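Dropping the structures in below, format is C-alpha cells.
What follows is chain A paired twice: with chain B in the first complex and chain C in the second.
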Partner chain A sequence: MVAGDTVKIYEYVIRRLALMIFVLFGVSAIVFYLARGFPSAFAPWAQYITFRMKPSQIQAIIVAHGFDQPLYIQYWYWLQDVFHGDWGFSNWANGLPTFEVFASRFPFTVELTVVAVIMTVVIGIPLGILSALKNNTAADHVSRIIALTGYSTPAYWFAYILQLVFFYYFYVWGLPNLPSSGAISQGLASAVPTVTGMPLVDGILAGNLTYTADAFAHVILPAFNLSFISLGYLARIVRASMLEVLRQDYIIMARSKGLSERVVIYRHALRNAMIPAMTLTGLFFAGLLGGAIITETVFSWPGVGYVSLRAVFQGDSNFLLLYSLVTALIIVSSNLVVDVMYVFLDPRIKY
Partner chain B sequence: MNTKAIAKSTAALAVIVIVLVAGLAGTVYYYSSQGPQGPKKVTVPTPSFVSSSTYVAETANQFQWLDPAVSYYQYDFEIMNNQYEKLLWYNGASSTEIIPWLAESYTQVSPTQYNFKLRQGITFQDGTPFNARAVWFSLNRLLIIDGTSGSGDHGTQAAWIVQQMLDTSLFTYFGASPSYDSSWVNQVLGLNFVQIVDPNTININIMTPTTQFPYLLSNEWADIVSPSFVVSHDFPSACKTTDCNADSIDYTAYFNHIAGHGEVAMNYLDLPKDGSKAGTGPYYIDSVNPTTYEIVMKANPTYWGGPKNWSGPPISVAIKTLDFVYVPDLSTRLLDAKAGKATAIGVSSSDIYSVADRDQWLTNGKLVSVVPGVTIYGPYPQFTTDWFNFLTNVTDSSGAIRKFQPFADLRWRMAVADSVNMTDAQININNRLGQVATNLIPPGTAPNGAYDPSITVPYGLDLAKMTAFITDACKNPLTSFVDNNGHPYAAGTIDNSCNPSNMQTIGMYVGAGDVLDQRILSTMAGNLNRVSGKLGVTFTIIPVPGGQYYTLASKHQIYMYWGGWVADYNHLIDWLGPMEQPAGAYPAWNNMNYTVLNQLFIQATAADSKGDVAGLLAINKQMQEFANNAVIYLYIDYPLVYAVRSSFLQGFYYNEATAVNYYATCSYVTSLS
Partner chain C sequence: MTETVVQTDTRQSETKARIAELKYALYLMRQNPLVLTGLVLVIFFVVLAAVATLVVSPDEAFKLEFGQSYCWSSSIFSWTQLEATCPPGTNFILGTDGFGRDLFNMIILSIPLDLEIAFVIVAIATVFGVALGAVAAWVGGKFDEAILRITDIFFAFPGLVLALVFAALFGRTIQTLTIAVLLVWWPTYVRLTRGQVLVEKERTYVEALKSIGVNPARIVLFHIIPNSIYPIVVQMTLDIGGVILTFSALMFLGFSPSPALPELGNLASDGIGHVFTAPWLIVFPGLTILIIALAFNLVGDGLRDILDPRLRR
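On to the complex of A and B.
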C-alpha cells in the first residue's frame, strides 16, 4: 500500500462512520415504531412511573415524555431522553434502571460471543483448509460431515448433549468435568474486582489464575454450542474459497517456481481465500452478539438473550430499543472493520 | 477399486457408523433416565455440597424484593423466612396451631389488646439487641412504608394484611389517598398499634377485633428487623451515633423519609447487594446478585436456637451456606441433581415424571424417585383452590354491554359444570397432583372445621343433563337480566337466544403455559360443542400469556377464565372476602350480585370480631352451599406440591401454611446406606 491509499482508507472510514449515524437513526426509528406503535397490554409510560404516583403526577410524566403526542413527536421526546441518559426503569428486573439492567448483562454476552467466534475461527478455518487440501479424500469427507452436522444440529439439543457428556457422564466416569451452567462458581463470585463485567477478562486483569480458569471452564460449553453451528458454515466457505484459489494461475506459477507447498498455501492462497471467510466471521459475531436465547437459557448464562425475552413479554420498549441500538452499532462497526481488513488482505481492493 | 470409490465408501461408512452410535447413545440415555423399574441400586458418591456444608437450591424463580415490609412474592418469602423471624409462627406441621416464637408468651387482654412478653437475650445478626423498640419499629415501618399499590398490583402489598385490623381510612389499599407527609406519619403512629410497656413487653392494640390476629402476625410482613441496620442503610442521617444505636435514632425523621416507600428498590432491604444482617433468624444474607439472581446466605453464628416447644424437626443450623441459584432450564436442573451439584431443584407438576415413578404414584399414591440419590417429599397442600370463573355483564372492548350473556343463566353454568369429570381430570390430566375441590375452602384452613367435606357440588360429568341444560337454555332463553348494580336491563338489551346463523363464541381463557388446564378445557369444549355447536354457540379455548386474562376479566371483557386463589394467610376470612363477598376481588368481576352472600359475609365478620368460631363456621357452611348451588365457580382442585431433594439431606421441613422451606433443621449424612 502507498501513502495515498492510507489517506483514502481514513476517508473511507470517516465516511462510513458518518453513514453509521444515519443507520442508527433509521434503526431506532423503525424499532421505536414497532415497540410503541401497536396496541399493548402495557402502558408505554409505565417505565417512568412508580406505583405511588398520583394521577396528576402520572399525567405530568406523560406530558414530560410526550406520550400524549403523535408517535413521530414521541420519537423526538425519546431521543431527548436518550441523550440525557434516561432510559427509564425495568419493573420486571427488580425495578432497576433499564440501562443498568442491560449494561450488567451485556458483557456476559460479549464474552460468550467472543469465545464462540474464536472457537469458530480456530476450528472452522483449519477444517476448511484441510478439506480443500485433501479434496475428495477421507479427510475431506469427514470434515464435510462435521460441517454438515454443525449446521444441521438444533442448538437446544446439542446444548443438552454437551451438558450430558462433559458435565454428567464425565462425573459418572470419574473424570474432571465441566460446569453445567452459570458463568462462575459460587465461592469465587466476588474473588476479583469487576472491571469489564466479563469474568474471563476480569480474572486475567486481576492475575487470578484460579478465577480465570474457573471462568474459562464455565464458558467453554455454551461457547462451543454457539460455535458448532457457525463453524460448519465457515469450514464450507473456506473450503470452497480455497479450492477456487488453488485453481488460479498464480498458484500454478508459484508451484512452478519451486516454492514449498506450505509457502504456496499459507502465503499465497490463504490470504485470498480468507476474504469471504472474514465476511462470514463478521456476520457471525454480530449475529451471536444479538443474544443466543436458547444457549443462555440452557446454560443459565446471565447475558441479554434470555432477559430480552422477558422484556418483550413485559412490554419493556426501552430495553428493546437499547438492545437494538447497541446491536446495530456493533453490526455496523464489525462490517466496517471487515471492510477495512479487506484492503490489507487484497491490495487490489480500493475505496 | 479406484481412489474415488474408496473415498465414497469410507464416507458412507462413516455416516452409517455415526448414525448407529448416536442411536445407541440415545437409547442408552433414554433407558437410564427413565428407570422403568424404579430407583436402581447404585452407589451414589457423596456430593461436594455435603463436605462444603452448602445447600444449593436451583430454581427457575427470580427474587423481586427482599424487604418484608414490601414484598408479596412467594420466592421472596422463602428467602426472608430464613433470615427474619416474627413474634408468632406455626408449630411444626400444623397449619392451624400458632405458637410464640420471638415472643415468649402472649395473652389477649381484651378484644382489641394483646400483651406480649418478649424473649430475652436474642440479638439481631448485626449484634444489636432484639427488644420492644425493635418490634415497635418493625411493625410501624410496615404500616408507614404502606407497601400497597394503589392499583392493587401484586408485589408491594405486604401492609394491608395488618392494616385491616386498624383505622383503614389511613391506608391506600382501603381507598385512602395518604399524603405520606409528617402529619400522616403522626396519625399512623397515633394509632398506637405497638405500645412499648417496658424493654421486653409490648401491647398490640387493634381497632377491629378478629380471630385472624395470630395468623396475621405469622407471615413475612410481620418480620422483626434491626432498627440499627435498617436506618443506617436506608437513611443514615437519622442516626445520632456512629453505630446507629437503636436508642438514639431519630425515628420521626426516618419514618418521614420512608413514608410511602412501598415501591421497588426504594429501600436498601429491597436489594441488599452487599448483604443484610437485619434479622434474628438462623441465616443472614451474604450477597445478592441482581444480574445472575444468585443469593448466598450464611449461618448466623449467634442464632438463639428457636423455641423449645416447637414440634418440627430439631433446629440445628448445621448447614453453613445456602446458595439460591437461578437455573431456568429443567433439564439442566435435573442433571445437576443427578450429578450431585444441587441439593434441591424445582420441578413443576407437569414434569413430575422426570423425577417420580409414574406407576408408584398413580397406583399407590407414593412419590418414589427414579433418580438415584434423590428423594421426593410430599405431596403437600398449597392452600390454594383452582377454579373456572363465569362472568356476567360482559362488555366489548369499547365498554358496551354484549347482547349475549350466557352465564347470567344458571343453566349454562350447570351445562359447563356437567361437561367434565374432575376426578378423571385429576388422575389422567393433572397427574393426580390435586384433590378434587367440592367447595371453595381447602383442607387445613384455619380455624379447624373451615374445610367441610360434607359440602358437595351439584354437578359432575353428566352429558345427558348437559345436553338438557343447553337445549333448554337455547329453546327458552333467559329474558330477565340485571346489571352489576342489580338493576334490570331494558328489554332487548340482552338476547340469549341461540341461532346457528348467528354463531356466538364463548372464549375459555387460560394461561398459555398451563398445559394441564388447557387439556381440561379441551375436554369440556369437545363435549359442549357437540351439542351447543349445532344450536349456535361455540366454546373456544384461548390461551394467553402472563395472566392477561385477569386484566381482561377485571374489565369484564371475557366470559370465562381459569383462576386460582392462594390464601394471603391461612384463615377462612381471607377466602370469604375476596372470593364470595360481592365486593370481593373476583365477585366484582363476575357481577353475579348475590345479596344473600353479602349478608352472610357481614354476619361472618361480625362472628369473627366476637371470637365466635362456631358461628363463623356455621355461616361459612351456608355461604359454601349457596355458592355451590349457584355454580358461581366451577371448582377444579386443591393443587398439591412436592419437593425434590438430595437423599443426603436430613431434617427437611416445609411449612405448608406459609409454603416456605426452613433450612435451620437441615443437615447432611455423609453416605447413603
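On to the complex of A and C.
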C-alpha cells in the first residue's frame, strides 16, 4: 500500500461511517414505527399502568408521557432519551432498565457465538479444502452432502434432535449425557463471582474446574447446532475459492518448479483461498452475535436472542428497539471491518 | 428482402446456440448424480403436492376419533398429556399427532401448503427485486443510491426479528406470515439484479440497441434481464429451501394461525413439550422439511456449477 491509497481508504471509511449512522436511524425508525405506530400489545404505556387504575388515570399517564403525540414527535422524544443513555424499562423483565437487561444477557450470546464460530471454522474449512482437492470424487460428494444438509436443516428441529440423542438417549443408555438447556446447572448458578457474565470465562477466571466443565458441557449442544447449520456455507466458499486459486498461473508455476504438493497447497494456495473464508467467518460472527433466536429458544440459552422472542410475545418494544439497534450496529460495523480488511489482505483491491 | 433473411438467419442460429447450450447443461446435470437426485426429489415433491388431496382425503384425515380408537392400549396413552398420540407402528407408519390424526397423512397434506408458500414468496421477491434492481441500475444516480440505502437498512436487521415483530403485530394469518418473510427476503434480489444489470449495461450490444433507438424499457426487459437471468434462477432455487425453513420456523415459534393447520413447522411444534415422550411428533415433520429443502438446494447448488462456465472444466 502506498500513501495515496491510505488517504483513499480513510475517505472510504468516513463515508461508510456516515452511511452506518443513516442505516441505524433507518432501523430504529422502522422498529419504532412497527412497535409504536399501531394499537397493539406493544403499547408502551403498559408498563406504567396497573389493573386498579381508572380509565381517566390511564389517560392522564398516556398524556404525561407524550404517548398521545404524533408518532414522529414520540420518535424525537425517544431519540432524546436514547442520546441521554435512557433506554426505558423492559416490561418483559418486570420493569428493570432495558439496558441492564440487555447487558446481563449479551455475554451469554457472546460465549455461544465464540464457541459456535470456532466449531464452524474447525469443521467447515477442512471440509471445504478436502472437497476442492478431491474435486468430483466420492469425498467431494460426501462433503457437498454434509454442507448442503447443514443449510437445509431446520435449526429448531436439529436442536431437538440433539437434545433427544445427547441428553435423553445417552441418559437412557447410561452414557454420560450433555445438558439440554440453560447455560449453567442450577446448583452451580452462583458458585463463582460474575466478572464477564460469560459462565465459561468466569469459571476459568475463578479457577473453578467443576464450574468451567459444567459451563462447557452446556454450551456444546447449542453451539454445535449453530455451527452445523452454518458450516455448509463456509465449506462451499472455501471449496470454490480453493478451486479458483488452484487454477491460477502461480500455482502452475509452483508445481512446475517441482515444489511438493503439500507446499503448493498449504503455502501457496491456501493463504489466498482463505480470504473469502475469513470474510464469511466475520459475517457469521456478526450474524450470530445478533442472537440466534431459534437455537437460544430451544436450548433455553439465556442470551439476547431468547429474550428478543419473549419480548416480541410480551410487546416489550423498548427491548426490541435496543436489541435491533445493537445488532444492526454489529452487523454494519463488521461489514465495514471485513471490507477494510480485504484491502490489507488482498493488495489487488483498491478503493 | 435480404435484410430480413439475414435477420431470421441470426435469429435461428441464436436459437440453435441456446438449445445446444441447454442440451450441454442437461448433459452436465446427468453427469452429476447429486443434482439428479435433487431434481428427482424436487419433481417428486411437486407432483406429490399436486395430488396430495387425492392421495389422502382431507375429510378422512381430519377425523379425530379415528386415531384415538386405536390408541387405547398404547402405553404412552394418558389423559393428562398426549390424549391421542400413539407411536409409529403397524396401525400408523409414523404414529399419530397431538390430535390423534395419522402423522403420515398430515405430512402429505401439509406439503402443498409449504411448497405453495415458498413458491409465492420467492416469486414475489424475485419480481419485485428484479424490477427494482434493474431500474436502479439502469437509472443510476440518486434513485440508485436511495434504493441501495434502503436495502442496506433491511440487510442490517438481525435475522428473524423484523418478521417476528411484523407477525406479532398484524395477527397470525398465512398472509401476514407470508408478508413477514417477504420483508426479509426481497433485498437480496435487488442487490443481485442490480449487480448483474450494471455489468450488462456496459456491453456493446446495449450500446448498439441504444444507438438504433430502442426503448430503454425494452432493452432492460427483453435484452438485459434475459442475459443476466442465470444467477437469479440459481438464487431462486436455493431460496425455496430457505423460505420453507424460515416460514416453518415462524410457525414453530408460535405464530401459527391454528394448531390444527397442516403445515410442517406447525406439525413439528405439536411435539415441543413432548420431545422425550413422543419424539416422532417432531422428528418426522422436521425430517420432511429437511428433505424438501435439501432437494431444492442440491438442484440450486448443481445449477450454480453448471451455469458458471468457469467451473465447468
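Here is the rule we go by: the second predicted complex is superposed on the first by the 300 of 351 C-alpha atoms of A that agree within 3 Å, B and C clash if a C-alpha of one lies under 4 Å from a C-alpha of the other, contacts with A are read in each partner's own complex, and residues count from 1 in each chain.
Criterion: contacts are C-beta pairs under 8 Å (C-beta built on N, C-alpha and C of every residue); 3 or more make two chains touch, one makes a residue touch a chain.
Note that the structure is a prediction, hence the values are computed from the model and not measured.
Trainee: Touching A:A18 in the superposition: chain B (first), chain C (second), both, neither?
Mentor: A:A18: touches no partner chain.
Trainee: Quick check on the superposed pair: does A:G182 touch chain B, chain C, both, or neither? Answer first, second, both or neither.
Mentor: First partner only, chain B.
Trainee: Thinking of the overlay built on chain A, is A:V312 touched by chain B (first), by chain C (second), by both, or by neither?
Mentor: In the superposition, A:V312 touches chain C alone.
Trainee: Does the superposition put A:I293 against chain B (first), chain C (second), both, or neither?
Mentor: second
Trainee: For A:Y168 in the superposed arrangement: first (chain B), second (chain C), both or neither?
Mentor: A:Y168: touches chain B and chain C.
Trainee: Applying the touch criterion given at the start, work out whether A:V142 contacts chain B, chain C, both or neither, answering first, second, both or neither.
Mentor: In the superposition, A:V142 contacts chain B only.
Trainee: Quick one: is A:Y160 in contact with chain B, with chain C, with both, or with neither? Answer first, second, both or neither.
Mentor: both
Trainee: Which parts of chain A are in contact with chain B and also with chain C?
Mentor: 41, 141, 144-145, 149, 160, 163-164, 168, 297, 313
Trainee: Which of the residues in chain A end up touching chain C in this complex?
Mentor: 19, 22-24, 26-27, 30-31, 34-35, 38, 40-42, 141, 144-145, 148-149, 151-158, 160-161, 163-164, 168, 236, 240, 243-244, 287, 290-294, 297, 308-309, 312-313, 315, 320, 323-324, 327-328, 331-332
Trainee: Which of the residues in chain B end up touching chain A in this complex?
Mentor: 3-4, 7-8, 10-11, 14-15, 18, 29, 52, 54, 56, 63-65, 149-151, 153, 156, 177, 180, 260-265, 270-271, 287, 289-294, 296, 323, 325-329, 331-332, 335-336, 338-341, 545-546, 548, 551
Trainee: What part of chain A is in contact with chain B in the complex they form?
Mentor: Chain A residues touching chain B: 41, 50-52, 54, 89, 91, 93-96, 104-105, 108, 136-138, 140-142, 144-145, 149, 160, 163-164, 167-168, 171-172, 177, 180-183, 186-187, 189-190, 297-300, 302, 306, 313.
Trainee: Give every residue of chain C touching chain A within the complex, in rising order.
Mentor: Against chain A, chain C makes touches at 33-34, 149-150, 152-153, 155-162, 164-166, 168-169, 241-242, 245, 248-249, 252-254, 265, 268, 271, 275-276, 279, 282-283, 285-287, 289-290, 293-294, 296-298, 301, 310-311.
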